[in-house]
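Got some structures for you, see below.
In the two complexes below, chain A is the common chain; its partner is chain B in one and chain C in the other.
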Partner chain A sequence: MMDRRTFLKGLSALGALGVSPAWAASGAAEAVPADQLPELSGDLTVYLGRGEGGLYKQVVEAIRERNPSLSLEVRRGSSSGLANTLVAESEHGGARADAFWSIDASSLGHVASEGLTRPVPAALHEPLPEAFRFEAFAPVSGRVRSMAYNPERVREADLPERIMDLPDTDLTVGWAPSYGAFQSFLTAMRLLEGEAATRAWLRGIQGRARSYAGELGAVMAAAQGEVDLALANHYYTLRLKEGQPETSLELAFTRGDAGALVNTSGIALLSQGATPVDFARYLHSGEVQRFLAEEAYEIPLAGGVEPPAGVPALARLEPPELDLTRLGDLQPTLALMREAGVL
Partner chain B sequence: MTETGRGSTALVTAVLLGAALAPGVGLAHGEAGEHVEAFEEHLDDYESDVQALGERLDAIVERYHADGGGTTEQVDEFMAAWKEVKYHNAVEEVATPLYSPIWRAITDLRQAVESGEPAKVVEQRASALRATLYEGLGGLRLRASLDEVEPTGHDEGAAEADGSAEATLQRIREQLDEAVAAYGSGDTEQARSLIEAAYFERFEGVEGGLIEEDPELVTRLEEAFNAELPGLIIEDAPREEVEAKVASMKEALERSEALLDDAGEASSEAVF
Partner chain C sequence: MSYRLALVYGLSALIAAAVLLPVGVLLVLGAGSEVALGAQALEIALNTLLLTVLTTAAATLIGAPLALLTTYTDLPGRPLWTGLLAAPLAVPSYLGAFAYFAAAGPGGEIEALTGLATPSVDGLLGATLVLTLYTYPFVLLSTRAGLRNLDASTLDAARTLGMPLWTALLRVVLPRVKNSLAAGALLVALYTLSDFGTPAIMRLDTFTRAIFVEYNAFGLDRAALLSIGLLGLVAVVLLLEWVVGSTRERPGRTPRLHLGRGGAAACLAAIGLLLMAALGMPLGVFTLGVLREGAGSFDPAMLVRSASVSALAAAAAVLLALPVAYAATQGRVGRILERGTYVGFGVPGIVLGTALVVVGLRVDLLYQSIALLAFGYVVRFLPLAVGNIRAPLERTEQGLVSAARSLGASPGEAFRRVTLPLILPGLLAAGALVFLEVMRELPATLLLRPSGFETLATHLWEVYEAGYFGRAAVPALLLVAVSGVAVALMLRRERGNDDALT
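Here is the complex of A and B:
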């Protein structure tokens, strides 16, 4: 992974050009059209994390239909459950999958930590920004943490640029502590800022935070004025505004910290051979990346593909430098949350 | 909940929605036993396997109680035995959607033993594992009872075999019923686990399109899944209250299904 100084330098230069730094010009090659990819053949077993309303399944089926010589076996389940299954299978006779497409990086990290993944080859890194080139897995699409706020109640200028500064404001906050996305965000904070700072952050906000059962509930609370802002993944706001365009709601992002964490779905390669790699290349094709952006509101990671409509000011987006596989280290985060009384 | 009840529900899920593999389809990583080709003639063998595995679970729990703790050695032996029995290959190939849950339940049990959880927790994990084993057996039996089997040609997952929101919402409703049954039988941990799985493993996957149609409905379901229903279980509420809450949630899920159907959720753009 590139060092932070280089990464930020790139961000700054691209921001001046009005170009999305993380996606467009940090070394990512243009996404390849599917008709330029090799035809897939032979046997391939893919474990597929369930999510996004079957859209991942739709992608896999489209790849199957496009490659009639491919004998593709798919097993679906929750990403964490499949990761556990892979580990258990490997302990007793060898993993049964050739590739694992998971909706979250922590499940991939769990599998990688058990030594089940093979290094991602350079060919799979090429279409990705340098910040998303990992050895353990190839990211496919992203989701970014955000602050959703009602511009009729809160000025953008009153929002903090750093998530660690949020306790120093008088803004009320909506959050969903039981959500995996929130816990990953807090894990990122713990890894980046340390346990003491994270504990202080939780305690600093707790008195002005209102818990919701889900992140959509928190976002709607921001729109309706129950709270000043909601900490949530970006797509809730986009979905809500797609259905209710009159909703007064905007997205803002912090800079270079956990508040702007970009978590990804990704594919881990579990067996040798070209077919799993070529399968993954289809996931980075322009067609699949566009499909995920338009249908799932996910952020395409391959070069040259537009992000979902409604994601504002991508040039401002500044995710932290963090090995996403470390987000699987959840237990200390949960302990902190319990200690602070937010879980 | 009874083991038979769980098995029946899962079987309906697997078979009616076409999730199970056709018998005899080879695995990418090795051939199954020949018995799988005629699995319906080996149901008694599979039942014996499950009973034997159940006895091993009893032994694990008894020893854990007696020793005030335990080692993972017995669980590892259980895993080795599970890998060896005919039932293993049969459930993997014929009732495939029920295969991963068994592995997950084994992992859960092993983690409980490894981390020295109280005997009560180990007993509950063993009970949950036993339930998944019988669920697999139920799946095999129902599969065998079908006059005609339509092979799907590839592995898939439980009710969501076709990946549709309709199938997923159907499976969620079934899981809520299973949770009520588990609660009724006193297995509150299993009940909460089923509710959590229904939400995080399934509802989250279909809520995206629903947010665009009726966000208030989604937030009500978020509250019900993550706060209200688990709250009733934690409070040890009368079963009737739990049933009433589940009934209202199922109504909301049916409303969700209708909304998504009207919105033509299946008519999303082609990938290529």
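Here is the complex of A and C:
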């Protein structure tokens, strides 16, 4: 695993590691090494929603170091908190952010639905696979919905292939209904399968589900045998196993439905000018893509960077087709959850 | 109304208005929205109410005897224990809740390490346990301030007349500190009403959880509306405390109780157990994380920022609390103004922070400045200071001040040489409480701070949110250490004042 300090040095000293061309076939341009990107200058204010224990901040710091004539201000907070702040700022005439790099698509979608984002230029679309070229924001790294289970208690064969079949099993489920990632997943289900099917799905599982405050908690519960499986983003399992390698916990994915949704972190451009765009290009560089994959277990999206061992490769997943910008429309999902008594 | 009283009332009204300003913004934000909670609303209200009642009762039962122990007895190492016993106030309760969640129950850390099966800590009882551990110091500190102002002679008289010690403590001492006790209990209740993290981790459906869900789903108006609903419960709690009357008496020598060796040992064992539960448990769980994942990098400047902004907010809160607390002792209008300043503590920080963002945006200079951040802290934590200053002020014998005045002292000199020494323990407790609360405050800090202003609490949140709880160990330990030292320092000054009085 790449050491953080090496990464910082590498990026600031313009060093670039080789980039695998495996993704050339998928239509995505190869990742550009950071030393071939234009030098950034001027003022730039970035709002950074969450950030994986400071890993995103390290990326930002490396970019700062690499570009001494850039005056970069970074504001961190929860992704929804910053989205709410951006909307308040625009309503009360105090907009000050040039870009919003957020850990979840729903906060980016919300900001876009308020008309605060400018269209993503082609330069930012090029390194991304077709399915991730949205108008409102440029995805940076991915995370896939997963079923985390303890193979000592549950056989993989007993897990459903389709998420909509989960209510027909007798498996107990750990979930985190108040967690953003879960609500995004359910929003995807609502958009793909309709309201009635989603409501029925919720009601079907509810009796066998235990709620947790966060998805890390749900995954821990699956490891400890409190529940048969946890519905969670894939990286919680990988991070738990990083700390406790002896933990018996595996990942399974459904196929072609909301259960296999690949949600992304991404960057929305809020002000005009080239600097925010060029800043975003750094996030698509091979160095940053690899760093996020190796340190945060996120799925690399740009430039066909191969994920490290353990991180699911995009090519082996079957995510549904969905414009992630639409995940910002959370209120109808909450209404459904309330109706079903889940929230 | 005298000129001075008018001045004090005017000043208090101004402060109360400033504190209520964000609540006004909240009303505007919430206007016109609707939340259909349906049958769930009843359950949420019931859960919130039960949690508040149980936590307040438990925190009082722990905090009051500890106050007695650390104020009147000859317990060895009293200042140290008092500092440590107050330190849980600096631990964000969500960290404590998470530690218990991870440690207890089948497959938890305790079972993994020792093989002993423990019951899961969750639900109403789990939330009560955790919140009690991180709020009892409210009762401890405010009751201590009250106890320190009592004269030993009444207790001595009761004892001389043959009343057993425990009866005397219950019937002679307790009634005279009931307003300090109630002030502490009020803070516990308000904290419980506005805390989000603990009920969420303990999987208990409360008002704050519903608010947080709405906020995260970009339903600011609905979050505001639910907060207004929560304010109804806050009003009930404030009214309940209102009916607890106050007592006035001449301050004097602090009583001294001798524990004996057996008594001291038993008390130390109980204190040790409590500290293990409140501090040892989270630190232990996070230390396990360090062993597994390493401590990660840590910037010491965060500690300096946390401590300095907490000190700034504590000083501002104490200064602003003085006129409000004084006004509260002068009559009904003053008490109503004082109640007004309590509202901020019952509003969840995330909602209050949002309202202050709107306020800050109106005055561009203030937005994302330390000034607005400190103002946010004052709005939220002013009652911590007011309550601790009001109680001793109420008991301050007006005759002493009159005597000083008739002997030729100016009002200023009378305040400085008579009133101030008498209320100093209260002022110190007030400052300590605000300091500790600001150290652990998170939601409003995230929204209001200047960009790039990382504190211990924001750092803790960041690593915890991402699931790297090993990296929470060092900052959590520092938070506890700094808070313990800060409280111990304040209590040392309290002792100096003790000598001056006797």
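In the analysis below, the second predicted complex is superposed on the first by the 309 of 343 C-alpha atoms of A that agree within 3 Å, B and C clash if a C-alpha of one lies under 4 Å from a C-alpha of the other, contacts with A are read in each partner's own complex, and residues count from 1 in each chain.
FYI, a contact is a pair of C-beta atoms (placed from the backbone, for glycine too) under 8 Å apart; a residue touches a chain by one contact, two chains touch by 3 or more.
A quick note: this is a predicted structure, and the numbers were derived from the prediction, not measured.
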| item | value |
| --- | --- |
| Three-chain arrangement built on chain A, chain B and chain C clash or fit | clash |
| Touching partner for A:L44 - first (chain B), second (chain C), both, neither | first |
| First, second, both or neither for A:R255, with chain B first and chain C second | neither |
| Which superposed partner A:R203 touches (first chain B, second chain C, both, neither) | neither |
| First (chain B), second (chain C), both or neither touched by A:G77 | both |
| Which superposed partner A:Y297 touches (first chain B, second chain C, both, neither) | first |
| First (chain B), second (chain C), both or neither touched by A:R118 | neither |
| Partner chain in contact with A:Q224 - chain B first, chain C second, else both or neither | second |
| Which superposed partner A:R326 touches (first chain B, second chain C, both, neither) | neither |
| Partner chain in contact with A:E89 - chain B first, chain C second, else both or neither | both |
| Offending stretch of chain C which, after superposing on A, collides with chain B (from 98-106, 260-268 or 422-430) | 98-106 |
| Overlap of the chain B and chain C footprints on chain A, listed as residue numbers | 45, 50-55, 73-78, 81, 84-85, 87-89, 92-94, 178, 180, 212-214, 216-217, 220, 236, 239-240, 242-244, 296 |
| Chain A-touching residues of chain C, taken from the complex the two chains share | 36-38, 40, 101-102, 105-108, 197, 200-201, 203, 209, 212-220, 289, 292-293, 296-297, 350, 354, 357-358, 361-362, 364, 367-368, 443, 446-447, 451-452, 454, 458-459, 462-463, 465-468, 470-471 |
| Parts of chain A lying in touch with chain C, wherever the complex brings them together | 4, 45, 50-55, 73-78, 80-81, 83-85, 87-89, 92-94, 107, 110, 178, 180, 183, 210-214, 216-217, 220, 223-226, 236, 239-240, 242-244, 296, 328, 330-331, 333-335, 338, 341, 343 |
| Complex interface listing, chain B residues touching chain A | 27-29, 79-80, 83, 96, 100-101, 103-104, 106-107, 154-158, 160, 162-165, 168, 197, 200-202, 204-209, 211-216, 218-219, 222-223, 225-227, 265, 268-272 |
| Chain B contact footprint on chain A (complex, rising order) | 34, 43-45, 50-55, 57-59, 61-63, 66, 71-78, 81-82, 84-85, 87-89, 91-94, 96, 98, 178, 180, 212-214, 216-217, 220, 235-236, 239-240, 242-244, 287-288, 291, 294-297 |
